[in-house]
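Here you go, one structure.
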Amino acid sequence: MGKGILVKKIINDPKRVVDESVAGFGLAHADIVRVEMDPIYVVRVDAPVSGKVGIVSGGGSGHEPLHAGYVGFGMLDAAVPGAVFTSPTPDPILAATKAVDGGAGVLHIVKNYTGDVLNFETAADLASAEDITVRAVVINDDVAVKDSLYTAGRRGVGGTVLVEKLAGAAAQRGDSLDDVAEIAERVNANVRSMGLALTPCIVPHAGEPSFTLAEDEIEIGIGIHGEPGRERIKLAPADDLVDRLIDPVLDDLPFAGGERVLLFVNGMGGTPLIELYLAYRRAAEVLQGRNVTISRSLVGNYITSLEMQGMSITVLRLDDEMIELWDAPVQTAALRWGR
Amino acid sequence: MGLDITWAVDWVRRSADVIAEHRVELIKLDREIGDGDHGENMDRGFQAVLPKLDDLPAGSTPGDVLKLVATTLISTVGGAAGPLYGTAYLKGAVAAGSATSLDGSAIAAVLTAARDGIVLRGKAESGDKTMVDAWTPAAEAADAAASNGSDVAAVLGAAADAAATGSDATIPLVARKGRASYLGERSAGHRDPGAQSSALLLRAAAEAASAAAGA
Amino acid sequence: MGKGILVKKIINDPKRVVDESVAGFGLAHADIVRVEMDPIYVVRVDAPVSGKVGIVSGGGSGHEPLHAGYVGFGMLDAAVPGAVFTSPTPDPILAATKAVDGGAGVLHIVKNYTGDVLNFETAADLASAEDITVRAVVINDDVAVKDSLYTAGRRGVGGTVLVEKLAGAAAQRGDSLDDVAEIAERVNANVRSMGLALTPCIVPHAGEPSFTLAEDEIEIGIGIHGEPGRERIKLAPADDLVDRLIDPVLDDLPFAGGERVLLFVNGMGGTPLIELYLAYRRAAEVLQGRNVTISRSLVGNYITSLEMQGMSITVLRLDDEMIELWDAPVQTAALRWGR
Amino acid sequence: MGLDITWAVDWVRRSADVIAEHRVELIKLDREIGDGDHGENMDRGFQAVLPKLDDLPAGSTPGDVLKLVATTLISTVGGAAGPLYGTAYLKGAVAAGSATSLDGSAIAAVLTAARDGIVLRGKAESGDKTMVDAWTPAAEAADAAASNGSDVAAVLGAAADAAATGSDATIPLVARKGRASYLGERSAGHRDPGAQSSALLLRAAAEAASAAAGA
């Protein structure tokens, strides 16, 4: 196999995709991040920030801009990219944790997948052994997955981006580790998501799509790893698709009416903005119909599955502090305002 | 006759071979109910172990080999399988201790410790459609064979047979742990990739033991 | 046909795609823009800004975030979206021109396509008749097209985004219409682009791809309207693809070495960031090899062809003033910093 | 017998019909060497004209109808075809003036003015593979037929025939104007969509004239 091109992608060698992409990311954003290659992680250019809680997230690659795109002032201190769709090993997580420890402890933001949880756990154990205080928050906002004590539980999906922004802003303003963790937990408790795919995606080393869909089929309840969803339905108008995502999201929390929310319409990587904004229109209509006020919004490809076409809808119930943290300055490759 | 460092090293080499050979099959199994990386992950891990075998100091024990496999898998595999297999080999190494040779009941103890390690980390029960469904019957079969006084090759042969049967038995199950659990009912009808890689690794152990016995 | 779904997209009715998407855009970014529906255009929420040169751009839809995503402080005052891949008619261009006229004249930024040029020309004539001073700058940065006096000339592609940012910053700091137009001309004279497609795109009303490519074929020299390119080649490693785009770009200006540039690696709408950053790495390597310094960069899906997978590379030769204008604050849906 | 407002209105209705009928064909032609919207654009434009025909004040002339078509196409078609056809109908309207009836040479003058309008806006020459390649032979054929004293139906018939031949003749050409020019040599072997829509519109004019003559 070696250098052979297996799939139609802008890549050289499937085995070098993550390394080469992260290297390019580092070159393109040298004002914001520094990239370490062995073990591989991406860290704020000014890390460690003395006295500030450090925040580390990470997971399999293929979800860009998550997580490296959120490293910078007001958000993450470091991101640890694993192989495509494969959680990183403890070594780089530990290295990143040490690199961002400014003496106030480090928060791990972990998406709820067995691999991510186990590898971050090991890294946290190793960091504690080196006298770094680590707390972990596990994100599990995907309502497509039936939750139970006896299963792996819900996946972490779109809500992760919001947790990273709000926890990042809390750390930036100087909150303690416990306070930052509390914000992250609070956001996680108030956020729900669900997604669908129009097309599958192809993992570079696999060379074949993770599932196949007929011309008129859609996969509902997908995660972000190209894994199939819960249900397969016939192609339907956009408004119906939006309803199929947002209704379970709103029912789950539940949203009672009268709340203020952040509405996040996310593309899976290959979805053009023209479609996401069209979906946003309907989602806004549904929220209005339920007497929920959209106070903030986010639309774009922010947590993705390679080139998959599809979308997810995330709704976060906001309180005053969350709004303040959302509006706080952020300077990362993928989210930036106020500086 | 017990199994020594030569067997342990041979097991690792055979493991790397069999995983490389079945890389695409494991990817395919994982694509059906997971995220399509299990073969890639395991292959990356075992290929990383191979060169390190040459650096084992003289006088190393089977336990040292298992520990080397453990740390290498932990630091190169990632995903769920990395920490789970890593813990399995680590606990196996502890059970093997500093013995230079492992007899049938020592081997059974290694496998049981490995299985316990996986359960400790992953919290899966039998029937959850995970690698536990290969390891539990394998450990039990090894234990039974060792109690019957079988030789080490037979102990590992029994474990490998039981693991293969266990892997087959995952097909109809609905997953309750790991990524396949997100599919709910749709996970039924597919073999669990981790159970299958476990069966392959235990078969390699048995073959290495037979080869050692034949030599 | 009516409401029939012809293609796998998140849309309701092909005829309502632009209206519904623009409506959603207006809802999502009500803090930045106002949307008018009849005739349809998107305008800065505080337009007209008294005493400031107004900047209007526009063209067919399907290139999002271009142009509506660039409306806001420090960039465009209005964007006029036509039907998908079809330049708008003079009416909405005229309405937008009137809406942004703050008394200092209006600049039209027009991509060089016959339809865009003619429709903006007519609108400018009509605006002049209403005593608004209008100047037009036509962008033509695509080196894939052989230029000649006797042809339609080069297309406007990636360079358009950069012209809009720099001219927008000049207008924001209070430059006169002539000065803003001069900046726009200067940027256009110093920018070159070229693109390729891995997959075609499907215009909603057409229901079929604009061209078909075999599993191992790539189209080189494409524009942004799903039109086929100049040449079809076999799939190749990313580094070779980058070379095939950047070499003609650098040869054309020509870049002599010693310059400072802005490197812009753009996705065609369906290209995941992981691939764009991987391409960026090679492009940066090539520039270094030619002794050209990358002073600024932009990576992402910024000027697109619906869901097309592919990329374009744009290089702009910078001077001190351009760098200052690039760094100036901007607050739009798609580009934002400094505010 | 000259052509009056009834003919002009009938021409527009037939134009809308024929464009709707050939919408997909024109999209297909434009997809091959352009951006696949020509049929959609033209259909949108002519469908927008139809309801406005009912609002024409009594006493309207053929020139008024042409002007209505011009302004509607300009404000609804967009793309290259919108302004080009808009200018064509506008210049045709000016040539038609306030006459209530157009004879053969008046019709030839209308077509020549329309052609000149397209060239003025688009700067294309014959052989550039654009709608000009339909309009120039059409205007010339109409002029020749009118000079020979043919009746209006024959004048428009000659124009329609020449436009169809002109459209055919665009197939081997390499485009030098419009979007197809970006393809360079690859544009050869495909019919120009604008030339084809022009041929369809002129055929509709001729048929409306025959119908008027038959009535």
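Chains here go by letter, A, B, C and D, matching the order in which they are written, and residues are numbered from 1 within each.
Methods note: contacts are C-beta pairs under 8 Å (C-beta built on N, C-alpha and C of every residue); 3 or more make two chains touch, one makes a residue touch a chain.
Keep in mind it's a predicted model, so treat the numbers as computed, not measured.
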Given chain B and chain D, the chains that contact each of them: none
Chain separated most widely from chain B, comparing mean CA positions: D
Chain centre separation (chain A, chain C; CA means) in Å: 28
Approximate Å spacing (C-alpha centroids) for the pair chain B, chain C: 55
Inter-chain centre distance, chain C versus chain D - centres from mean C-alpha coordinates, in Å: 32
Residue numbers of chain B (touch at least two other chains): none
In chain A, residues with contacts to at least two other chains: 84
Arrangement of touching chains [line / ring / star / complete / other]: line
Contact pairs between chains, per stated definition: A-B, A-C, C-D
Footprint of chain A on chain C - complex, ascending: 3, 5, 8-13, 17-18, 20-25, 27-29, 61-62, 64-65, 69, 84, 198-199, 215-216, 218, 235-239, 241, 263, 265, 269-282, 284, 294, 297, 299, 301, 304, 306-307, 309, 311, 331, 333, 336-339
Residue ranges of chain C touching chain D (in the complex, touch as defined): 60, 82-91, 113-115, 118-119, 121-122, 144-146, 150-152, 155, 203, 205-206, 208, 210-211, 223, 225-230
Touching residues (chain side chain D, partner chain C) in the complex: 27, 31, 33-37, 40-41, 44, 74-84, 121-122, 176-179, 181-184, 186
